[in-house]
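Two complexes are shown next, each including subunit A; its partner changes from subunit B in the first to subunit C in the second.
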Partner chain A sequence: MDIDHTLEQSLFAEKTARQPGLLQELDPRLKILSALLVLLAVGLSRNLTVIIVLYFLMLALALFSKIPLAFFIKRVWLFITFFTGVIALPALFITPGTVLVYLPLGLVITKTGLATAMFFLLRVGTSVSVAVLLVLTTPWNSVLKSLGVLRIPPVIILILGMTYRYIHLLLHLTNDMFLSRKSRLLRRMKGPEERRLIAATTGTLMNKSLQVSSEVYLAMQSRGFRNYPRTMDTFKMRRIDWLSGVLVVMMVAAAIWLGK
Partner chain B sequence: MAVGRAGGHDGCSSHLVGKIGNLQIMETPPIFDVNGLCYNYDNQIPALEHVSLTVRRGERLVILGSNGSGKSTLLKILDGLYFPNQGSVIAFGRLLTEQAFQEEAFNFEFRRRVSLVFQDSDVQLFMPSVWDELAFAPLQLGLSQEEVKSRVESALRDLQIEKLRQRAPHQLSGGEKKRVALASVLGLSPDVWLLDEPSAGLDPLSTAWLLDFINQQGKAGKTVITATHDLGIVDAIAERVYVLGEDHQGVAEGTPHQVLADKALLISSRLMRP
Partner chain C sequence: MTRIKTALKMLKSRTPRSLMIYYGIFITWLFTTAMHIPDGYLSPATSVIMFIIVLPFWGLGVRKLRQKMSSKNVPLVALFAAFSFVIMMFNVPLPGGTTAHAVGGALAAIVLGPEIATMAITIALVIQAFFFGDGGILAIGANCFNMAVVLPYVSYAIYQAITKNQATSSKRRIIGAGIGGWTGLTVAAFFAAVEFGIQPMLFHTADGTPLYAPYPLSVSIPAMVIPHALIASVVEGVVTALVVAYLLRTNQSALEFVKKTEIPVELSGFAKWRALWIGLVVMIVIVPIGLLAPGTAWGEWGTEQFSSLGLAFIPQGMAKLSGLWSAPLPDYNFPALKNANLAYILSGIVGTIVIGIVAWLFTMLVTLRKTEAR
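Showing the complex of A and B:
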């Protein structure tokens, strides 16, 4: 079931984020800032080779962070094939330029078209790799807490953290609701019946989430919450973090300069 | 056995109530004094009707009642989360009203001294990790970062959940969630624990651990008020039992032995099969 799959993926990401590895050892705030800088370099680069080098660098980092490469590549490119591929595909055929391949129905693939599509796909692929690598090597909780370094207000970070926490609760609940329905179903349901049931389930879930949210607010009040959250982080920059930061800045500067 | 007020004087000094030989029996001052409390949900559905109750410092009280009798609502009122439609609740000599909680000093002092552990641990555990959960209450009360860290580490050690510190609540078992829920208020070192159905959904080992925890708090001089319908734990954790009936009113109070021996009372309160 899709809900099970989502929960499994989330648990897997937490597991890889907590195992020992190169990126797992670094300060989450540094990883967030570095990820933003690499995204900037990927976005600004007009040189395909620079983007390819950056992509392979992401693969190397994944390898040294003990992320299974097959899983990492699949997670990035599966998404891109479905969504970005659909957008990039027309560029292959409609961009004017030197013809590379003649296809049936009068379609042609041009050199410029191929380069444009490749640029687009690689840019998105490398950017998604950066984001996936960040999530797979940093516990989600630390990612959220590190957003403070980007000057995001604590109340927004608190809301994001609670949203993440309760999405899991509601996913579990939805899963249980569907399983309980399945266990009582004696025949296959027809379309309208199925839709009515899904609508009812959605309504129940909405009611449950409202009820939980008001109880959670009481639980917060009970522990001293006064509508303005006080938070703290326990991160500490070590020498290895500063050194990694300098390396990232140099690499990004080089990528932007070479990619001009 | 009749419903009776256990006492009703205000103030904070101890009060001499009797003498056995040379031993003076001191009646400890009330922490909560509930008088004629009525509470309705949406001003229509009655949850509590004319409840009167006094809770003394250091007492281990069980509020016993069937599902829907109003136990959870009573705990929320004692924690200053809901306010009576009628009647009054006096805590530490001060009337609990919404206005009282607007005062920063009173809110701080009350929240530091009284803590509620919700029945549903998923409601209690709203932060993304166990460490953050434990740090939440000390942080909200404005303690220094060093003090917060020290309290969190101490709570993790006391409840033997150090290994769970970075785990997310959805990755915990029911027993672990209950421990973390208790630890989440232990950091405040409250004088009064309000526990809502603490044994619900726990396996026998976790329940035994929980009963030990409640008794440890009692021995440490803390006031522990537990709402439950679990007759099996009453004797182990209570010095006094207050029974809420199906009509949302207090129907009896006495020692665990007295209450558990009264089958007619338990049957009429839907706590036992006829």
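Showing the complex of A and C:
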């Protein structure tokens, strides 16, 4: 089921984010800014080689950060070939251009078609890799705290943090609701019955959310929340952070220039 | 365009029909899940523009949050964001054995009002993008526009239109929620399709290789809108309607939430139309992005461009007429200004002011007549 999978995934990410490794050592603010810069470079490149080089760089970074490579590659590409791959496939055949390969059934793969599909797939794959790498090497709370460097208001960051926490609570609640129903069933449910059940579960979950939100509010009040969140900013840029920052900027600048 | 059509025709004549039908169904189903746009589908330029377009809606949401119930909103939005995140995972069984999921944007709009719904869905989308790789990070602007702005605002407008002046217990709420949800998601799919579809037109290499999403509008719009209208939007509509029906039975106060917390604000003059003014300014600022597109707007060619378009001759009447009217700002350029882009923006501003003054004079005239008639 989707819900279990989500819980598992987030637990795994928290685990890899806390083990020692290259990227885990760096300042999370630096990592977020770097991720954005690399995404920009991947997005702007008009040169396939640049995108491929950036992808292998991500692989190398994953390796040095002690992330199981097979897992990293599978997590990115399983989803993409299934998704973007199928969407990109027709472009291979219908884009006009010089013919590269003749296939049975009179299909032809054109040079531009191949380039189009490659650009599409590699760009999406590399971008997803950047995001996955960021999450696998940074604990969620640090990601949140460092969103402040992007000038995101503290209230929004507070809400993001609470949302993430309560996603877990609501997922557990939902799982329990489905399980309790399942344990009382004697036969498979019919379509309409199941739709009604899902609507009722959704409605109950919403009522519960509203209820929990007012309880949380009271709890915040009782602990002295005064409309403005305060956080302990413990991040500190060390020499290695500055050094990697300069390295990233130089690399991204080179990638953008070469990919022009 | 015609080249794609002939290529498609060729493909059609040579591929077994059953294979094409299978693939068609498969890709149709896949497109229903393409609402979360990943990075790489859109150019960075488009992503930035989408951020700018969503910005005023975020501003509106934050203001509403402050204005309404102050800090009580913090957990409310957080819980609702978590809720919409979770219900995006409920697989709803459809007749025929497949399943699909709802976005919950319509429900959020009905319960919280569209402004706060924007905030809640945005939060859910940000967490999905950063944490679960569902939807891109650079594409957050575009995804928020489609799912956190278009979806809630459209659904809410329709829901409001259908349930206006009805009691809270009215059954019309169920119908309004269903139609609102269906329309909202279909319109959102249309906007997503437009965002994909303009990519090959605007961004390609010198030899015509598309750099981002490869299909033109003529392919992307039907590919996104038809499956959504038939599957995903139906699920959104049905789930929204069923949940509203459930709330009518069990917790009607949830449906009065928007009304109850509304603080009537006397709006007048500029404030009343503030959103409109902000929108106008944004439009003027982003208009020069049109300069990135090669060529002239479709149907706005000058006579000399007609011949370059492959027309062997210029229609006689047109050649004659073209000398008749010379605009005060030819080609939107101030002759004194060297910078074309700046001149373009300036002429946009001047044009807007001129239109504004004309409209104002016209309104004055009409209202004057009315008062005189009294």
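We adopt the following convention: the second predicted complex is superposed on the first by the 254 of 260 C-alpha atoms of A that agree within 3 Å, B and C clash if a C-alpha of one lies under 4 Å from a C-alpha of the other, contacts with A are read in each partner's own complex, and residues count from 1 in each chain.
By our rule, a contact is a pair of C-beta atoms (placed from the backbone, for glycine too) under 8 Å apart; a residue touches a chain by one contact, two chains touch by 3 or more.
Given the structure is predicted, the values throughout are model-derived calculations rather than measurements.
Enquirer: Once subunit A from each complex is brought into register, does subunit C clash with subunit B or fit beside it?
Expert: When both complexes are placed onto subunit A, subunit B and subunit C end up side by side without any clash.
Enquirer: After lining up the shared chain so the two structures overlap, which partner does A:Met162 touch, if you call subunit B first and subunit C second: first, second, both or neither?
Expert: A:Met162 sits against subunit B and subunit C alike.
Enquirer: Per the contact definition in the header, classify A:Val212: touching subunit B only (first), subunit C only (second), both, or neither.
Expert: both
Enquirer: Under the stated touch criterion, which partner chain does A:Asn141 make contact with: subunit B (first), subunit C (second), both, or neither?
Expert: After superposing on A, A:Asn141 lies in contact with subunit B but is clear of subunit C.
Enquirer: Considering only touches as defined above, state whether A:Leu59 meets subunit B (first), subunit C (second), both or neither.
Expert: Touch status of A:Leu59: no partner.
Enquirer: Using the superposition on chain A described above, determine whether A:His172 touches subunit B (first), subunit C (second), both, or neither.
Expert: first
Enquirer: Just to be sure I read the superposition right, which of the two partners does A:Phe225 touch: subunit B = first, subunit C = second, or both, or neither?
Expert: In the superposition, A:Phe225 touches subunit B and subunit C alike.
Enquirer: Is A:Arg18 touching the first partner subunit B, the second partner subunit C, both, or neither of them?
Expert: first
Enquirer: After superposition on the shared chain, which partner residues are touched by A:Leu36: those of subunit B (first), subunit C (second), both, or neither?
Expert: In the superposition, A:Leu36 contacts subunit C only.
Enquirer: Once the two structures are overlaid on A, work out the angle subunit B-subunit A-subunit C from the Cα centres, in steps of 10 degrees.
Expert: Result: 100 degrees, to the nearest ten.
Enquirer: I want to verify the contact counts: of subunit B and subunit C, which reaches more residues of subunit A?
Expert: It is C that touches the greater number of subunit A residues.
Enquirer: Closest pair of CA atoms, one in subunit B and one in subunit C, after superposing: how far apart in Å?
Expert: 8
Enquirer: In the superposed view, which residues of subunit A touch subunit B and also subunit C?
Expert: In subunit A, residues 140, 162, 164, 166, 169, 212, 216, 220, 225 are touched by subunit B and also by subunit C.
Enquirer: Considering the complex alone, what residue numbers of subunit A touch subunit B?
Expert: 11, 14, 18, 139-141, 144-145, 161-162, 164-166, 168-169, 172, 212, 215-216, 218-226, 229-232, 234
Enquirer: Spell out the residues on subunit C that touch subunit A in their complex, using ranges where they run on.
Expert: Of all residues in subunit C, those touching subunit A are 3-4, 7-8, 10-11, 14-16, 26-27, 30-31, 33-34, 38-41, 43-44, 47, 62, 65, 70-72, 74-83, 85-87, 89-95, 107, 111, 119, 123-124, 126-127, 129-133, 136-138, 205, 207-215, 238-239, 242-243, 245-247, 250-251, 254.
Enquirer: Within their complex, state which residues of subunit B touch subunit A.
Expert: 76, 79, 81, 104, 107-108, 111-112, 115-116, 118, 120, 122-129, 131-132, 135-137, 139-142, 145, 148-149, 166, 168-171, 184-185, 188
Enquirer: Under the touch definition given earlier, write down the residues of subunit A that touch subunit C in their complex.
Expert: Of all residues in subunit A, those touching subunit C are 2-3, 6, 9-10, 13, 35-36, 39-40, 42-44, 46, 75-76, 79, 83-84, 86-88, 90-91, 93-97, 105-107, 112, 115-117, 119-120, 123-128, 130-132, 134-135, 140, 143, 153, 155-156, 158-160, 162-164, 166-167, 169-171, 174, 191, 194-196, 198-207, 209-210, 212-214, 216-217, 220, 225, 227.
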